[in-house]
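These are the structures in question, set out in turn.
Both complexes shown next keep chain A, but they swap its partner, so chain B is in the first and chain C is in the second.
Then we have the complex of A and B:
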């Protein structure tokens, strides 16, 4: 039986010996995700397999970032827990890395889809609870100087029984320092991408995550993506149609952004037209999450204190 | 104004200290496919007799090899040299006296120094959940005495003075490599700290520091969103270590040397990750230093520049393993003020702003002074 040696001289089981793969549950940029059983304890885990030498450049940057960031954040109940990192070998004898996560039985994308298929609305208290947990998890990340940068329903894992929500897939996350540095704007799934990123801003901060949270909030209510563009331009136009075309008055500096052009002029509509099922307090919170000017966008910490959450039992969250 | 001192051996033929990267074990049969675990399990005695098989390929020493067989023979000749050239200039030589080692890799049975943890970061929520190997990770700092006494290199006969010299040499190498690869200073600094963390857990006798440093910089650049192609890193690293144009190196070494070097660096990358348990986050003192001095209206002064330079110099030391970033920042500001005959005590609450104490201040500034 092959065993690996750790730095302290302890022999540890390789991934192959430690886990029994049960089924493939997904596929990411750098490899597959499996549901697996830990042989020693019988505990069900998620194994995220990372191919190390696909591009001959060693361990992928997304894996490095994800693991080093999760080391900091895995303490929080609303961030998926990285339990271990194991090395193994694939059929060709190449080294692969397995990230061992706690197993969650669904994600927010599937959860929303299940309601859409049955034609039911997600109960308002469920939306409130999920939103509070999301804000809490993001506040924790931001409090530790981490931007997620790829928030979307698919990256929010859930436990159906407990309705617990956890932030996952931190492969695009990064630590930020003040003053905010230039970051790549080739990030984030289009539908949840903040306007400053779409307009080519290279200096951005926590506000990009809050925009995504706002889009997810609206999607929980309507069961449809709020801004479903199929290109960067279309995405911007979707946003402008609802929130109005921004100008220097509502967003100082917008016309100086790298990808700013002359766009069709739309006046802002009421958010209630796009998110009809949401109450007044919810609409107020949503409007603060979808502020054009990043510095005016509500923070995750402030969002948790919003009156919308006043009637929520936060004890178990 | 440069505060650099480069450590070199007097009256010795200098070499790159790069021997172990192409040690004889790997060239016993050029056609042999090495297993990826070879790096981890390789005999610690890097000056293996197999080296004689390759004659001139590895004749890095002009002097008789026996002259360097024990570190004791050269300890007295290590002497501080003052350079007024820019920091870690390219003329820097990387000298390591070869040593005789035991055959047991001490890294595998080293339990690590006792550590002092900084503040309790556990949360009630996490206590209820199953344990993870990464659970409740908090920055662990060690005292200088712990670092000096418990370093795994001690078991292999490398004393504190010599280990300090080795640390300076891989930092010089990293600075040079990072600048040639046009990497920002904070990435170069992070790579240095990762190397310090590595060698607190593993012996210098068992691991070629330049190989580890190359892998650490490659790794850091990726994790900090400034990736450099591995081939570029390898080429540049080889040119620095052999002080020759890359094109000429192909004539010096066996046909597949570059491929083997690439494999070794990728193995070293994985070794660093497992040794450090993926702890790649490094906090630097630059931010607390500038923000506190800014608050006090000292942002556009010579003091800031000097203090920042002192912080950069401090990267060669083990300070990052001992203190929080704001403590190092405070020590650098204190020492810079001393150099400039400024009285920082005139600025009320300055040390409270840095959240530091007189003893920490004294300790940090003293260790920074030792670098000069």
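Then we have the complex of A and C:
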């Protein structure tokens, strides 16, 4: 007990006195995100605050997964860097966790919105650079056996000056190991959700992240979400209208998925109708990211080698 | 030399003979069990078979990274020394491990979870000195480690009150468990993505099977053996990659489908040869001594509540039945000859 008190005391002092909160910049499922300055160094950081309700079940699974996965992935420049985890108490004496992240001044969602508002297109080389960084970061996650499972523009942080992109918010991420491992139909942002997840597959794989990458790719070009459904059914119908309603020929096994039903029969359209302004090589890469059959979808590593990126200066990425 | 060999031969013959007798004497039971297995696993099996490519497999580069990282998660020799010299309470740890296995079985968590939980437990015990003489602290530690592993890896996490099943002596409230969780997390520096033998298993099984997906039975057998290594402290001296390599080699050797010489030459690119061979030998002994393990395992079996648990329970049940069948008289004169011949072949393969 005494030891715990002392420990808590130290944590309280270090947590409260170490940082000066500057402004609230976001709100997540379990708490708020602040821009803050580390007093000792003057460095600007992002503080993600998680309150631990004692009537709830201790450390939230999303926090636990995010921290432990970021601990594993800390080497890659395209995954947001977790600098520290500090434990403290708030005014009511409740235990609070602060995740200390490097600060990034914007995210891809805001970035795309800023171009939409001005009516300008994002420059093609900028799109190419951002896409390459995204593929590289995801290849790194997958190489470490981590599925992100919630890739969307809001979770991709950016530095406006350097145009660096970093993957963030790994609270829904999962490690994959034993092949019999089963995943649930947990909350995944609908617009970027892979069709096999929408159809109830629980043995999904790295391909679910690649589908999301493809949706983000299209959105960078058009500045609009590619498939913007407002229900799971509508999400599927949006996908089927563009890519054609899948059948056993294009996607062996699709009709056996748990949530498969009869759907209106659409023929596939050309991707160029949905993503005008993307060149031939880009359309080819996009089509490989949006393959129906998960095992045929391109991997992140292979995507990095695609000819679409040939003329990109990769030296600083 | 010769007497020792005969002894081993005798044990193996008994085991094989037991299996043989099982199928004869309890045909109905076996068929019934198989029926249960088929009914339970049919949907999953179809899915597995139809989309094998969907199963993520570590790339060569990933494997190298994992081998590099596993030392961060490995309690290793330091922990083993502490347990052997009595600095750590061996008995209390064993009680905690047994409790973990019961609870895991109760909730139907996969085998990996046990190893993850024990990884947390052992790493914590090496890094932090629990107060002496307070027996409840080990129990609380076990509950906290179980809770953390469930949150990290499982899709359904029971309430902390429900988590404390299986005749535990103490019952802790959520607030207390939370404080212990935070202590474990900070002590382990939040490095909770434990690298276990399961991290490497698929890769090794595929590679020594000429890049073909291994049989499900090989995967199941491997999972079973890896889980068995966790009950004692003997395997603490080996890294997860070494255990995975040894189990993969042993299991694929058991099925007679691969050249063990070729398998060895592949595996020693990733793990030290001497340690690999020593570990294989210990896996073999573990497999032979599974009689006593069966008794222990049988008592661990609880009613599972999910398909994974059903499979694990079936494995335990099989072991239990095997134990019973072991006492049957071998009535066939031809069996010993056949079994002995097979055994010689296996031993010969090992010597290559």
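Simple rule for what comes next: the second predicted complex is superposed on the first by the 300 of 317 C-alpha atoms of A that agree within 3 Å, B and C clash if a C-alpha of one lies under 4 Å from a C-alpha of the other, contacts with A are read in each partner's own complex, and residues count from 1 in each chain.
Keep this in mind: a residue touches a chain if its C-beta (ideal position, glycine included) is under 8 Å from a C-beta of that chain, and two chains touch if they have at least 3 such contacts.
Since the model is a prediction, treat every value here as computed from it, not as a measurement.
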| item | value |
| --- | --- |
| Superposition on chain A - do chain B and chain C clash or fit | clash |
| Touching partner for A:39 - first (chain B), second (chain C), both, neither | neither |
| Chain B versus chain C as contact partner of A:85, first or second or both or neither | both |
| Touched partner set for A:143, first chain B, second chain C, both or neither | second |
| Partner chain in contact with A:269 - chain B first, chain C second, else both or neither | neither |
| Chain B versus chain C as contact partner of A:74, first or second or both or neither | first |
| Touched partner set for A:256, first chain B, second chain C, both or neither | second |
| Touched partner set for A:95, first chain B, second chain C, both or neither | both |
| Which of chain B and chain C A:294 touches, first, second, both or neither | second |
| Partner chain in contact with A:58 - chain B first, chain C second, else both or neither | both |
| Listed stretches 25-33, 43-51, 151-159 or 331-339 of chain C, narrowed to the one that overlaps chain B | 151-159 |
| Residues of chain A that lie at the interface with chain B and also at the interface with chain C | 52, 56-61, 64-65, 67-69, 71-72, 85, 87, 95, 175, 177-178, 183-184 |
| Chain A residues touching chain C - in the complex, by the definition given at the top | 4, 52, 54-61, 64-65, 67-69, 71-72, 85, 87, 95, 142-145, 147, 175-184, 186, 203-207, 252-253, 256, 294-295, 301 |
| Complex interface listing, chain B residues touching chain A | 36, 40-41, 107-112, 121-123, 125-126, 129-130, 132-137, 201-202, 218-219, 222-223, 225, 227, 229-230, 262, 265-266, 269-270, 273-275, 277-281, 287, 291 |
| Chain C residues touching chain A - in the complex, by the definition given at the top | 44, 46-48, 50-51, 53-56, 58-59, 61-62, 65-66, 69, 110-112, 147-148, 151-153, 155-157, 159-160, 174-175, 177-179, 181-182, 185-186, 189-193, 196, 198-199, 201-202, 219, 223, 308 |
| Complex contacts: residues of chain A adjacent to chain B | 5-9, 43, 52-53, 56-61, 64-65, 67-72, 74-77, 81-85, 87, 95, 102, 174-175, 177-178, 183-184 |
